[in-house]
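See the structures that follow.
After this come two complexes, each holding subunit A, first together with subunit B and then together with subunit C.
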Partner chain A sequence: MLSSIWAIFLKDLKSEIRTRYALNALLMFVVVTISMILFATAGEVMSGELLSGLLWVVIFFSAMSGLSRTFVSEEDRGTVIFLQLATRPSVVYFGKLLFNLVLIFGINFFVVIAYLLTMENFKVKSFDVFLSALILGGLGLASASTIIAAIIAKANTKGTLYPVLSFPVLLPLLITTINMTQLSIEGAKLAETFGHLRILFSYFVVVVIASYLLFDYIWKE
Partner chain B sequence: MEFRLIGKDIRKSFGRLLVFDSINFELINGSSLAIAGKNGSGKSTLVKIIAGLLSPSSGEVIYQVDGREIDKLDWFKFVGFVAPYLQLYDEFTGYENLEILAKIRGLKSYEAKIKNVLERVNLYSRRDDLVRGYSSGMKQRLKYACALLHDPIVLILDEPTSNLDSEGVEMVWAIAEEQKKNGILIVATNEPEELKMCDEVINLDELKLKMKRQIVK
Partner chain C sequence: MIWKFLLGVYIAIITILAFVIPIGFIPGLGERARIIFLHVPSAWLSVIAFFVAMIYAVRYLRSKNIYEDVKSAASAEIGFLFCFVTTVTGSIWAKFNWGSFWNWDPRETSIFVLLLIYGAYFVLRSAIEVEERKATLSAVYSIIAFVTVPFFIFIMPRIMPGLHPGSKGDPEGAGPVVTFKMDPNMRILFFASLLGFTLVYLWIFKLRSRMEILKIKIQNKIYQEV
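Moving on to the complex of A and B:
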């Protein structure tokens, strides 16, 4: 099973490298959003708290523009049957989840680098807290986005439905990660954020288990 | 290994539209079934149900190996499927498509097997071309290669000779004959000539007529 999951991940990665189905749109989205923030706030001094929130706004919308594509591209190109006839639904789910995890960590890395270079007041004092928020936030974002992408891929109005469906599901995750990012700017110790870490970790585990149980019904009509 | 494929009172409707009702069949190794009917009669719907891609509205399809029922999640191990609506990854070459499929299926030492199926469908010389550049007939041949890669017990062909030239049609007949030796062949077609590939025929149009008569009575 693990080798099949890995095969699906590699297939998606290779396909993405060749087609740039999601990557170009994602990178452009990040560049445009950060530029817009810079233009809109020219000359203004923004607090660390505000910048923490804006960081996750950029990450959330970047994720919305890219993470759905793993399933939507299969549905658009009609290759769903190819996968349905090749393996169990759970293998497809975990393969796609793995790909989205790599994609979200790539986005996070790119956004954070761009953010640190352009936002003067965004000074992280506790890197361990900040990294924990990024990693656990990324895990939660990828897991929820993957199952929602599988659901909306079957719908006619994919583009608009994705952020609309994702937002309420991701809200608890986003509030927690924004709080953690604020704490990292204020210089909080990792031990002080255990409550947040527990929420983020539990969110990831619950979403993955629920997705695993539901995916069979979503994947096959 | 004795394989049994059973269809029991299969019924499918989309909303109020009844596609077919009371489809029954039982197939074992060496048997074959043709599904005939006009366009829109539900041939593709029925083969999708048999392959496990769609669920019937009522009734059931059962796969049995030596009397033991197979979990629906594992049907893919036994099925090879060729259909016009089955699409391949056109950003990959023919060989890569088969390699991806072999890896996802978890096949061991697949290189020789890929070479074998590519030669069988006469695509070996074009194995390193992107599928994007294939003609529709070549894509159809590659679908056969994908379907045969894991030596399926049940081979399901929906419109088996669409887009194929005369040489391709001969290839399909050879594959069908080979399949009937040890496996099960299911063909959905509206070509009278292709019905001859199989020993038994379900005609969905006649079935509908029969259903209507029963309602009138």
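Moving on to the complex of A and C:
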């Protein structure tokens, strides 16, 4: 089971490295969004709270532009039936989840570096809070957007529906991570954000378990 | 027929009583607490309706019977309606109690997100043409959406401070249910109103699902006893 998950992940990684479609699109998207923010707020002094909200706006929309790719490309290339023959649905799900996790951590890494370089007022005081918000937020973001991507790949309008369907499901996660990022800028201790950590972690676990149980039905549709 | 007539009379009596019954003194709310007879039952009913929609979604995935999907969608529609009523009444109440129609209290955020979730659910349903595929995908979405609902209804309002009665920092205790000490007759009327709302929900649900099932039967030319 683990080796087949790894095989699916490697397959996706290889085909991604060959074309670099999702990766390039995502990186350009991040650059475009951040420069958009910079142009729109030229000359303004923005507070740290506002910037930490905007950080998650950038992360959310870049995730929305790239994460549906794993399933949509299978539908487009017509390789779904082959995958259905080759392995069990849950294996496909976890392989894709792993790939999306790697992708989202890549995006987060890039976004944060670009953000720290361009936004002067974005000074993180407690890095442990910030880092745990990024990691747990990335886990939750990848888990929910993977299952929504699987749904969207079967619908007629693939592109436009994705953020519409993902946003309400992701909102408890986004509110919590935005709140944590603000706390990290104010310099809160990690112990103070224990409630937030528990929300993020339980969100990830709940969504992954529900997706694992439901993925069979989507995949065989 | 007679039962529906009686239900109309029952709801009318509750509506009149909601305005005239003495409710005792409640600190910080006063007469404005009367919204509890309308606002809270519709909020409960919307969550219950979404829960029923999820149950029917699970049943659809198990049986692949299209009628279960019709019932799931019907319940979600009614839940959306109740959710809308809750949002509007709550917003009007907020204007008089807190001074503005909307101020992103955790409870207001959560009701807004419920509207968003089921708005997206109906968009998804309209985007898929094949009947079985529509049913399966929307069933999965409604289950995924419902497992994140507790984060809004039960967890976030307790962790984040807010103005809504029953939020964190409320001296009467935090919780999904407003727990301030109710006057006995207020308590009775509240539960009577909840019962009335539940009956209205059941009635609309039965009507709506029967109508949609009949539509399917007419389309597929199944002329039998329903």
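Here is the rule we use: the second predicted complex is superposed on the first by the 221 of 221 C-alpha atoms of A that agree within 3 Å, B and C clash if a C-alpha of one lies under 4 Å from a C-alpha of the other, contacts with A are read in each partner's own complex, and residues count from 1 in each chain.
Assume a residue touches a chain if its C-beta (ideal position, glycine included) is under 8 Å from a C-beta of that chain, and two chains touch if they have at least 3 such contacts.
Nothing here was measured: the structure is a model prediction, and the numbers come from that model.
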Touched partner set for A:Ala210, first subunit B, second subunit C, both or neither: second
Partner chain in contact with A:Thr87 - subunit B first, subunit C second, else both or neither: first
Subunit B versus subunit C as contact partner of A:Arg77, first or second or both or neither: first
Contacts of A:Thr19 with subunit B and subunit C, given as first, second, both or neither: first
Touching partner for A:Ser3 - first (subunit B), second (subunit C), both, neither: first
Footprint overlap on subunit A, comparing subunit B with subunit C: 221
Contact set on subunit B toward subunit A in their complex: 51-55, 73-74, 76, 79, 81, 83, 85-92, 100-101, 103-106, 146
Residue numbers on subunit A that touch subunit C, as the complex places them: 144, 147-148, 151, 154-157, 161, 164-165, 167-169, 171-172, 175-176, 179, 195-196, 199, 203, 206-207, 210-211, 214, 217-218, 221
Of subunit C, residues touching subunit A in the complex: 61, 109, 113, 116-117, 119-120, 123-124, 127-129, 132-133, 136-137, 139-141, 143-145, 147-148, 151-152, 155-156, 159-160
Residue ranges of subunit A in contact with subunit B within the complex: 1, 3-4, 7-8, 10-11, 14-15, 18-19, 77-79, 81-89, 91, 216, 220-221
